[in-house]
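The two complexes that follow have chain A in common; it is paired with chain B in the first and with chain C in the second.
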Partner chain A sequence: MEGKFPISETTNLLQRIKDFTRSIVEDLAEGRSPKISINRFRNYCINPEADCLCSSDTPKGQEILTLERKPQTYRIDMLLRVLLIVQQLLQENRHASKRDIYYMHPSAFKAQSIVDRAIGDICILFQCSRYNLNVVSVGNGLVMGWLKFREAGRKFDCLNSLNTAYPVPVLVEEVEDIVSLAEYILVVEKETVFQRLANDMFCKTNRCIVITGRGYPDVSTRRFLRLLMEKLHLPVHCLVDCDPYGFEILATYRFGSMQMAYDIESLRAPDMKWLGAFPSDSEIYSVPKQCLLPLTEEDKKRTEALLLRCYLKREMPRWRLELETMLKRGVKFEIEALSVHSLSFLSEVYIPSKIRREVSSP
Partner chain B sequence: MEESSGLSSMKFFSDQHLSYADILRPHEARARIEVSVLNLLRILNSPDPAISDLSLINRKRSNSCINQGILTDVSYIFLSTSFTKSSLTNAKTAKTFVRVWKVMEICFQILLQEKRVTQRELFYKLLCDSPDYFSSQIEVNRTVQDVVALLRCSRYSLGIMASSRGLVAGRLFLQEPGKEAVDCSACGSSGFTITGDLNLLDNTIMRSDARYIIIVEKHAIFHRLVEDRVFNHIPCVFITAKGYPDIATRFFLHRMSTTFPNLPILALVDWNPAGLAILCTFKFGSIGMGLEAYRYACNVKWIGLRGDDLNLIPDESLVPLKPKDSQIAKSLLSSKILQDNYRDELSLMVQTGKRAEIEALYCHGYNYLGKYIATKIVQGKYI
Partner chain C sequence: METTAPVPKLLLQLISSAFQRCRLSEDLCRLSVLLDQSTNNDPPITCISIADTGIGCNLEEFQILRCPREFNGAKIWDGLLSVKTTCFTDDEVYYYHINLDEYIANKRLKRQPSQAKNGAKFSGTEVSLTVFGSMDVLVAPIIGFFQKVFPSVLHNVTMDLMVKQGDSPGNQTQYVFAVNADKTPCFTASNLERLKSGLEDYVLRHGNCLDTMCDYCFSDREHLKAGSGTLCQEDKHKRVGGTMEVVIVISDLLETTQHCSRSCDGKTEVLYFDNFSPSPVPHLALSALKKIDWKNYGLILANVNDQDGHVFLEWENFPSYVQIQISLHWYHNQYPARQKNGPGISFLKKGMKNALDNLKAKHEGFLLSSHARKICSYVPDLARSIAGLIFSSTDLDFQGDCLSVLGFQTQKVERDTVEDYIQRKIVTVIGMNERKPQKDQEAAPFLFFDGESETSFFEDEEVEGEYYSSSLE
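Showing the complex of A and B:
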């Protein structure tokens, strides 16, 4: 899992940046406009036929930027400015976030979104991941359980204290020596559920790794999960709230996000299973009626939009069914509602029994 | 506000003027709950039976006092002994009265099981057990603070989980009882997480050869300073609470300040009212966390970003204040504890209507931050 190419190719990237710039200068010297072709990517569409090519990571169209149109000129200008900063970062082996880059030249960049787009353009142009450009942001994820690894010289010995939360490393490409005795990886949406599992000493009786992105997962959490999947070949289960936001988080882990569609391979978790919570769980596990909150108008609109996504029709019809059930019943509930009768219900009954069922079903 | 004497009130430690919350072990917290139950029953069973009122320490500004350090540099806000009464017989406070008992009941059960619970889980439990009294998370949170004010023990002592938001990195060795010492300068790019368990923090041994403790408001800035190993150029320890400080991070800072009393504590925050509010919380405590917060006040000095740094940043990085910033500024300016030079900085923000983030310094290059801090320290430019 090293994006599109391993980190030792930094010198290669620097050379390619030089070549790219040289070709632009040559074009200008000969009085013609450079033509920069930027591919377009998407990870889903709302085509009702679902015979689109969204499942492959080939580009879906392209834009050609030239100096003949003013807005495109501006876009090329921003691309080159950011590229200059990226070159410096790579040469000095330093890292910066998108925000940091904006602040280096606020008068030129005028807005964060402009920097964001320039970075996207550069990644697509050079066919690499954002971290290959040394552009990283601080992460928010936590991990605990049967895992040991090293990052930038520091040992993370989660095995030593199974119920302590460790931060997910930001420089995921510097993670090495991953050792694990886990049987599966459990991804949870919320920090509070993570804390519940820690308090119940879930990892003592269950050989697993627990990860949370603390809400919508950031890039480093997704990359770390992908790395663990590739190195350890373990099944991955996802536990989210039974509401549109939870489902969106599940979809992001599994199918990636539209914003980073150009880098889908290193960011998604294929074969991730949806452990819960399903709408049907509220009856099976006797969730009290007061805990079933009504879907707001916003929730309903969100759910309808989610149902249009082609990958649900094509790859996960069962997920789609559950989502339709949620919309039909018009209620949502959080994971905590399952623990109302007994605090340790989640750790002792719900999760283990669901995992056993997943393992035994075809 | 004088409270009436006699059998109709319950009192806990009211001979002390400074109201504070203790950190208790589970069995001690259970004991306090049991005492309050017994008191209620005793008065109910007496020859002149009555349902006692609950005396909750008043968590309003009117009850907050300031202790100005005279022989020390530390001043803090604390809550005094003014009480509000919650009574079953008063229609306005009857629901509050019942809510407090319901929460105490659940906390007792949790403590008995030797477990912890999140406030969200508490909400769902109460929603199912007592739907007539609890309909929102805010009501639950407020009632929890009421119980803290009644029993005078910390929220953590009641069995409510504390999340750990703080990070520390730098020239510091931490040793938890029974474990190996951890070197906070070899912590990768993310720093060492400060646990939410205050008992554990209290028993952690600290060793350091740093010369400064530097509080950093934002996670991104902390990460930059740690990645650049700035703590090796300037011998220091970096701490961040990733925003508004939680109790555990403040507790940790306080422990460091008592363990290493000669180390100046410097704060690096954004130049806006919210940043100054964060600095002041570390420095003085806060009314909202009134009962728990006073004891963790530290002598924090403001190193940056300050008004006289504005010539270092480009004009585009000075952005207008948000409405929330103006509110915070007003609230801070009206506080009696704010010293004059902080007041001047705040007035400048309000007058110009502008604010700036620390990242604005990156226009000089992303490794400028270390130089900036070093220059300020060498010139002694902190207030």
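Showing the complex of A and C:
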């Protein structure tokens, strides 16, 4: 799988870094102020007209970083610091996590977000994905089910033990030999739900692959999911809490995040379906009132902000309707609330019925 | 510097006129002042002679002079000036008595018999007067005046002061302020060049208190950083035009300066010259100094210490190893001027700003604004990263190429040397950016295709709705 900006060879990227360095050196030598042009990307806007260009993956603007303002100079400083590390990683063919990079100069970087932004700037500048920089995420996701593959020569045979959780591979680009007998992929928001399904031997009775990002999904999990979708061409369903946070996670899987909008094509899951939990599920599946929590002011604000996102209006008006219903009802609930009648309700009733409905719907 | 006692004031006015005559001669001149106190009288009587080899005087100069005969109830002089003067083309030396008590112009001046020059070609003026009282009060103001003026605005005048008390050689003292032809600009140098070179000398000699440069504080003249500005005001029907010249000198003092009792204490002395003569700093100039946006030049003005026109600027958080000196010179475009007027506040401010900007432009990294200094705090880091990108590259051709672009001929150059050089280059660029018109600076950072809000996605700490994204992605 390749990102939006395919750069297959490390030498190519190293050459770009050298060209970039040389242009800065040349500017300084000739007494010119270096100007670093960083394209800006976004995957949504809150433009009510809905005729925006967010659906395209072209840059939506450009920032010119110069040495004229302190915040921009700091940003250039951080960019160059990280670039120096990246150059060394590439030359030595080593990998490091964002966290590793942060801890190389914690007092200069001040926060992980500074490193993240510098990495983002470098990716945009050199039109590449993060993995091209040999910067990897610390794996956070889990996978189980009807799947086996190799990652950098290492075997992951989930088929051997269908209900055992395996970590999502960190070096997704080096995943190969994917074999699966699954009929669909189920993405669940939370590890608790993932473990519930594992305990219930869900994959023994359902031919599927179950993945969780354990909350907000990291890059490895999203890229792995995207890889499976591309290689296996399986339908993907997502199960999240019925609250704005759950919906945000669903939207991140489906549309990607704003922060990594520059690399959205390699991270989003375009055909993902929302399996649940819908606001209406509380009535359909008789969730007791005590399990329904009132939306806080913060929840309402978040939901209203989500409703404004252009991609919902354009591509998922039904999701938007569900969100509006949640806001109207003023309550939220967790997926676990569905298990109030029976511990295995999710794996035996809820998910299979939802899947059947999805399969039978046009 | 300003003296309120009438006699010293009159003396300085007469010396100042003598300077003007020397200046206008555009030739090497001598100005001699003699103070000769007779020891036989009580109160003592001092005969004063001010002689110069300048162009010969214009008697209009004496029409505006005033000096009472008495001061605080005591008789201080007889009110009479004796003036002998001749121009180069004159055949005679003219001799006048000028009674300063006389207010009617044509009675004020009495011509005395002239003296034939017998074909000799020279010019000059000698003004004599007699005052009552000790000459002690006169010596210090005259020396102070000479120290200020020499060689700040005039390079063609050698000055000497002879102080005599009786005829015995042991009771004679001579102070000489001689032109050093090696270090001073030639006569054709502009007034501004003279002011600049004069201020540099003044700084190097600790306010001309020393005969030579202070070796404790300065290694050589080249380490002084000077900036200058000139501003001209045209004649208008009611206003006489003039020129404002400003010179600012910044010196990095040596570490050995601590051994020097005369080294500065971080204060900035402001010298003011009015028509080529040292003068107290006028109030308008003081106001202008206070109104300058010093922060634009990285300075915070803490206090203006004004002692009767002798002005020192005091700075906040000022490094002890740096010294700043300012010299302002206002002169009329014509001499003698029909009427005297000084520069206005905005004119003074503009002149100062020109000089500050000139210094900033000539010496990168100096007088950077506090904003630019904040940006400069990243310079060492930036230089380290850029040098790192060059030196850590395994591509030796690339390394050599970059070093060559930076002007280093050999790959054996030390990384620290390159880093230092890059640092200096970045500071140059930051200084340059600061001098760019504000409009350009505003336009540069954001270039949008779609004209949307300028808020950067990346500068938002939390992108709306994305709760966890910043740390986990």
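Note that in this section the second predicted complex is superposed on the first by the 341 of 362 C-alpha atoms of A that agree within 3 Å, B and C clash if a C-alpha of one lies under 4 Å from a C-alpha of the other, contacts with A are read in each partner's own complex, and residues count from 1 in each chain.
As a working rule, a contact is a pair of C-beta atoms (placed from the backbone, for glycine too) under 8 Å apart; a residue touches a chain by one contact, two chains touch by 3 or more.
Please read all numbers here as calculations on a predicted model, not as lab measurements.
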Practice item. Please indicate which partner A:V25 is in contact with in the superposed arrangement: first for chain B, second for chain C, both, or neither. Key: second
Check your understanding: Which partner does A:Y166 reach: the first (chain B), the second (chain C), both, or neither?
Key -> first
Exercise for review: Tell me which partner A:Q87 touches in the superposition: chain B (first), chain C (second), both or neither.
Suggested key: second
Review point. Once the shared chain is lined up, is A:A152 touching chain B (first), chain C (second), both, or neither of them?
Key: first
Review point. Of the two partner chains, chain B (first) and chain C (second), which one does A:S280 touch, if any: first, second, both, or neither?
Key: neither
Exercise for review: Once the structures are superposed on A, label A:T192 by its partner contacts, choosing first (chain B), second (chain C), both or neither.
Suggested key: first
**Study point:** Which of chain B and chain C A:Y103 touches, first, second, both or neither
**Key:** first
**Study point:** Touched partner set for A:T10, first chain B, second chain C, both or neither
**Key:** neither
Review point. Touch check for A:S55: first (chain B), second (chain C), both, or neither?
Key: neither
Check your understanding: Quick one: chain B or chain C, who's touching more of chain A?
Key -> C
Revision key, fill the gap. So the chain A residues that chain B and chain C both touch are 137
Review point. Mind pulling up the chain B residues that touch chain A in the complex?
Key: 110, 113, 115-118, 120-121, 123-125, 127-128, 131, 161, 163-164, 167, 186-191, 193, 195, 219-220, 222-224, 227-228, 314-317, 357, 359-363, 365-367
**Study point:** chain A contact footprint on chain C (complex, rising order)
**Key:** 371, 374-375, 378, 381-382, 385-386, 388-390, 392-395, 398, 401-402, 405-407, 422, 425-426, 428-430, 432-433, 441, 444-450, 452, 456-459, 461, 463-473
Point to revise | chain B-facing residues of chain A, complex | key: 94-97, 99-100, 103-107, 110, 137-139, 151-154, 156, 164-167, 169-171, 191-192, 195-196, 199-200, 288, 290-291, 334, 336-337, 339-340, 343-344
Check your understanding: chain C touches which residues of chain A in the complex?
Key -> 14, 17-18, 21-22, 24-29, 31-35, 40, 42, 53, 59-74, 76-77, 80-81, 83-84, 87-88, 91, 108, 112-113, 116-117, 120-121, 137, 140, 215-216, 218-219, 245, 248, 252, 257-261, 302, 305-306, 309
